[in-house]
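One chain, subunit A, appears in both complexes that follow, with subunit B as partner in the first and subunit C in the second.
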Partner chain A sequence: MTQAEIKLCSLLLQEHFGEIVEKIGVHLIRTGSQPLRVIAHDTGTSLDQVKKALCVLIQHNLVIYQVHKRGVVEYEAQCSRVLRMLRYPRYIYTAKTLYSDTGELIVEELLLNGKMTMSAVVKKVADRLTETMEDGKTMDYAEVSNTFMRLADTHFVQRCPWVPATENSDPGPLPPAPILVISEKDMYLVPKLSLIGKGKRRRSSDEDATGEPKAKRSKHSTDNKEPIPDDGIYWQANLDRFHQHFRDQAIVSAVANRMDQIFRSLPVGYNISKQVLDQYLTLLADDPLEFVGKSGDSGGGMYVINLHKALGSLATATLESVVQERFGSRCARIFRLVLQKKHLEQKQVEDFAMIPAKEAKDMLYKMLSGNFISLQEIPKTPDHAPSRTFYLYTVNILSAARMLLHRCYKSIANLIERRQFETKENKRLLEKSQRVEAIIASMQATGAEEAQLQEIEEMITAPERQQLETLKRNVNKLDASEIQVDETIFLLESYIESTMKRQ
Partner chain B sequence: MAGNKGRGRAAYTFNIEAVGFSRGEKLPDVVLKPPPLFPDTDYKPVPLKAGEGEDYMLALKQELRETMKRMPYYIETPEEKQDIERYSKRYMKVYKEEWIPDWRRLPREMMPRKKCKKAGPKSEKAKDTSKGVSLTNTADVLKKIEELEKRGDGEKSDEENEEKEGGKEKSKEGDEEDDDDAAEQEEYDEEEQEEENDYINSYFEDGDDFGADSDDNMDEATY
Partner chain C sequence: MADVKVKVQPPDADPVEIENRIIELCHQFPHGITDQVIQNEMPHIEAQQRAVAINRLLSMGQLDLLRSNTGLLYRIKDSQNAGKMKGSDNQEKLVYQIIEDAGNKGIWSRDIRYKSNLPLTEINKILKNLESKKLIKAVKSVAASKKKVYMLYNLQPDRSVTGGAWYSDQDFESEFVEVLNQQCFKFLQTKAETARESKQNPMIQRNSSFASSHEVWKYICELGISKVELSMEDIETILNTLIYDGKVEMTIIAAKEGTVGSVDGHMKLYRAVNPIIPPTGLVRAPCGLCPVFDDCHEGGEISPSNCIYMTEWLEF
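Take a look at the complex of A and B:
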């Protein structure tokens, strides 16, 4: 794992789980697989803290354990899974677009809790939905269950590996850790539950201000001895399935953009007859993007979508766009030229791009030092003398993509650090504004006069308000940037993964 | 060696024209320091995508951040001593729901072991008090005394202990008991070593709620 990735993981873990979990998590990412005591010793943390941190990390599928010889259990962190935390909003939003609010909350609960039983999810989501409904209305468990089943059917949620049921009555020596199993056919099998009930609305008496009674009540509810029907059957969000969906989305929208240009030159009218469809497919197949290929003539023509090529095109487009925005459109022209012609000499670049020599050289070297372009040496003589060697400029898409990906990780880490800095700088002001809001809220609840509310609001002066506005704007920008850089990360990672699989 | 024409005269070993400079031209200055931390960019960045989806995801992200901090998975660091102990702090603490992991899915060593907690994992072992265990207990007490004497490398001797015990023929339960005690002793040692002041910290640390019936009034330090 590169330093940039480790740094980013550290920031993510710290933001979501606190410093102790971050310390243990980052240590495991750096050092690889380790047993419990070594972790405690190397990080200088108490055994108790390490255990808690590991429990949290395992719960969230960020760390796995393995039993080694002599009963030693070793823990290993999944760095790439930690990085997926950046994508949580995108997973949840996608669930919303596909399965509306119910689906959205199911996926959100699963991501927030790592793994849950179906009955727990259904209950929690029903409660949450009921909160948002009109007075008197409640959400039925059956409806939530339905959506859950649909999510399982389409593989967006899957079962976690489970403890195999042991039939032997003879206990024997207990293993140091349960060996969890998983079987392909059972992974999306929803247990037969008859969950009957409705969501419960939280009464206004237990707001966060008087948190104590709520905590007491929740403890009592966990004490009640209702047997959980699907005890031990845990579910998690299936991130790979979401990735598949994103990838399909990306390809479809890329093609749509392409088709748009062609649409405009075609007559209006949406009755797509067989002939026209045929034409479109041929167009797509002949398109230099090579997303669609013709793989035979059976049934009037078999068309196949070339995923790897599609991902490659998307990655290339990303690279082109970055070059353009960073170095300018003339540089971008050179870049596209070299991409197209694969290998070009210095002189050829100048000629083809129609850019004067000095400028062309300058641009080429800028891109070269940015690692977007690389030099290929082709010696004419066996002694590799520089004066008798061809130097060709070329774009190695895989390595440029890797370089850009690495840059993306660094960017997000910078964005997060800046956001945390901005928030910390204004901590006092933020706390003050939160207190004022809380006071206003409680006063409104007890029916205060307009004048009194005004007075309280004035506790925050106009320049302070300005400051808060600026802060909010900046934090929003930084957050939005994080989300969008993650989109680029997704594209590049998909391409790199697809390329590595083929090798 | 062949090729050093003109002693002392600068000569390039390659064709300078290939790199883009004509002969005799003034070469650019040598760079003596790293590039600036925030270099000026020639081009302004492209504005962010704006739209319903993006707005929703932004709101989601910020909400999730806040929610995560309130979940039981967020482990607070024990706070450093503040300059003034604020009375109000005791009453403004956020009450977090407890989270108890499913122990059946985790390695056995994950379960917290505390002598003082009566209910909890220890009770399962309590029923296993056989003669064998009491024997090992005595041996263990002796070992403990030994180790307390050489407290310098408390942890090291623990590990040595474990290796010795691993080699001996013992029942799994017995092994675990020793691991238990060793673990407790290690914790005890560490706690003692951490104590640099005169305050007797409350025996129950804040947040140690795993598997125990915690008092709601635990936040008040007990002296």
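Take a look at the complex of A and C:
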């Protein structure tokens, strides 16, 4: 794990789970797999706290455990999984586009809680949806479970591994850690639940004033006297499926960008006649992008999507885009030139790119120091004398992608730090505005007059209001930027993964 | 009465006679004669006298000394050249010959030194001499601006030395290339636009959005923005730069010999295209373009909390 990744994980864990979890998590990421006592000893935290932190981490699938020889259980943190937390907004948004608000809330609940039973999810989501609906309407459980089942069918949510039920009552000693198993076909099996009910609206605010703590109230409102029918069957969000979806989306939009003029004349809907379909398929297959290939004529023409090539093109386009924005379009020209021709001498670069020698040299060196381009030495004589050696410029896409990925991690860490800094700077102001809002809310509840409300509101002066507005805007901007950088991370990671798999 | 010794010389052993005979022989064999031939012609002349005669002819500049794989050859020098070099000495003639051999491309002074084995100072003097006599000229090479190549005065420098259509007086014409670049791109763009508008069958649409290199060449020639005559290869190099800009894609199709614009049985077609992804997420954040990225860390001089680029970007 690189320093940048560890820093980013630490920031994410701290933001989502707090100091203690962060300490344990980062320690595990740094040192790899360790047993419980060693963790407690090395981090200097009490055993109890370590246990609680590990519980949280395991619940969210960030830490896995393994039983080693001699019965020692070791815990291992998964750095890549921690980094996925950046992508949660994107997952939720995808669920929203595919399954509307219900789907969005289901996925959100699952991501926020790590693992949940289906009934718990359904209940919670129904409650939340009911709150947002108009007075008098409630959300039916059946609808929510329907959406849940559809999510399971399309594999966006999956079951967590569970302890296999032992056939005979085994009197042997319990293993130090439960062994969880799951079989492929069970992963998406939705249990037959008859969830009947409707979402409950939270009590309106006039009952808040009675001063009952919320926790106590919710205990009364939920009927947890009934046994939960699907106890032990936990569900989690299937991140790989979401990744598949993102990848498909990226490829589709890339092809659409390239062939948009042709797609515009495509009739809407799926009833395209065979000839037209043939034409479009041939067009796709002939395109120099080579995303779609024709691999035979069985069944009238066998077409295949070349995923590795597609990911490669997307990663290359990302690299080119970065070079263009950072160094200028002439540099981008040289970069693309060296990419296409694989290896070039200094003189050849100048000739092909039609850029004067001095400028071309300057740009090549700039890109070289940015590690986008590398030099390949080919000596003419055994004694590698510089005057008698060929120096060829070349682009190694894999290493450039890795370098850029590292930069992305650091950039996101910077953005998060800046966001926290901005919030900390204005902490006093934020606290003040929160106090004022609480006062206003309570006064509204007790039925205060307009004039009094006005007075309280004026406690926040206009420039302060302005400052708050700016702060909100900045925080939103930084947040949005994190998500955008995460898109780049996704493309680069997919490409690197696909390349490593092939090797 | 004194005894006058009269040396009886055999007939036509007169040095001038020998020389004239040699010259006649040379005229007879314009490709050159070897020593053997002269010996056969005049068997009664001693080797020494022959050598003297030949040396005289050489120094007078009437004979050329060449080496062949059989030995030495003597060739008559044509009179015009002989007249030119009258005032020069052997070394100059040697240097002149080397430069003449280099032909169109010219030769560098160091190479002259290697070939003639003369010291540098001598070479420089000779070159200056020849230049003042207007026998050779120096042409600045476009590849290395400090290098000067020498060639005969009346020869046209080769394209590789002056750079061809893109160079005017050793200067690379960037604006010219830029203008051509933009013009070609605009032409291809409008072609793609019209094809899109026509809203026909997609195959036809795609094919009509292509333009062959010949079409582009014709368009540019008609535009008349270039004072220099441009060939189709020149236009293809410009179109290649557009490909490296990512704005244009190229396909090669097989074309019958004889169709307009086809070279060796295939034609190159070009089409304006859009980029496949919009500018990527990383470059939308200031960190993606930051020049001091590697120095930035929390608590340092440059850190995310006090980053001026971020401040500017947030105010945007």
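To be clear about the criterion, the second predicted complex is superposed on the first by the 462 of 503 C-alpha atoms of A that agree within 3 Å, B and C clash if a C-alpha of one lies under 4 Å from a C-alpha of the other, contacts with A are read in each partner's own complex, and residues count from 1 in each chain.
One rule holds for everything that comes next: a residue touches a chain if its C-beta (ideal position, glycine included) is under 8 Å from a C-beta of that chain, and two chains touch if they have at least 3 such contacts.
What you see is a predicted model, and the numbers here were worked out from it, not measured in a lab.
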item	value
Partner chain(s) touched by A:481 [first = subunit B, second = subunit C, both, neither]	both
Subunit B versus subunit C as contact partner of A:257, first or second or both or neither	second
Contacts of A:52 with subunit B and subunit C, given as first, second, both or neither	first
Which superposed partner A:325 touches (first subunit B, second subunit C, both, neither)	both
First (subunit B), second (subunit C), both or neither touched by A:133	neither
Contacts of A:333 with subunit B and subunit C, given as first, second, both or neither	second
Partner chain(s) touched by A:60 [first = subunit B, second = subunit C, both, neither]	first
Partner chain(s) touched by A:88 [first = subunit B, second = subunit C, both, neither]	first
Touched partner set for A:37, first subunit B, second subunit C, both or neither	first
Residues of subunit A contacting subunit B in one complex and subunit C in the other	325-326, 357, 477, 481, 483-484
In the complex, subunit B residues that touch subunit A	13-15, 18, 20, 41-43, 45-46, 48-49, 53-54, 56-58, 60-62, 64-65, 67-68, 71, 73-77, 94-98, 101-102, 104-112, 155, 159, 166, 171-172, 183, 186-187, 190-191, 205, 208, 210, 216
For the subunit A and subunit B complex, residues of the former touching the latter	15-21, 36-37, 41, 46-49, 51-56, 58-60, 65, 67, 70, 73, 88-90, 92-93, 96-97, 108, 112-114, 163, 173-174, 176-178, 180, 208, 211-212, 214-216, 218-219, 222, 232, 234, 325-328, 346, 357-358, 361, 385-387, 391, 475-477, 479-484
Residues of subunit C that touch subunit A when the two form their complex	143, 166, 172, 174, 177, 181, 192, 195-196, 199-203, 205-206, 209, 237-238, 240-241, 243-246, 249-251, 273-285, 287-289, 293, 296, 298, 303-305, 307, 310, 314
For the subunit A and subunit C complex, residues of the former touching the latter	250, 253-255, 257-258, 260-262, 264-266, 276, 279-280, 282-283, 288-289, 313-314, 317-318, 320-322, 324-326, 329, 332-334, 336-337, 340, 347, 352-357, 404, 407-408, 410-411, 413-415, 417-418, 421, 473-474, 477-478, 481, 483-488, 491
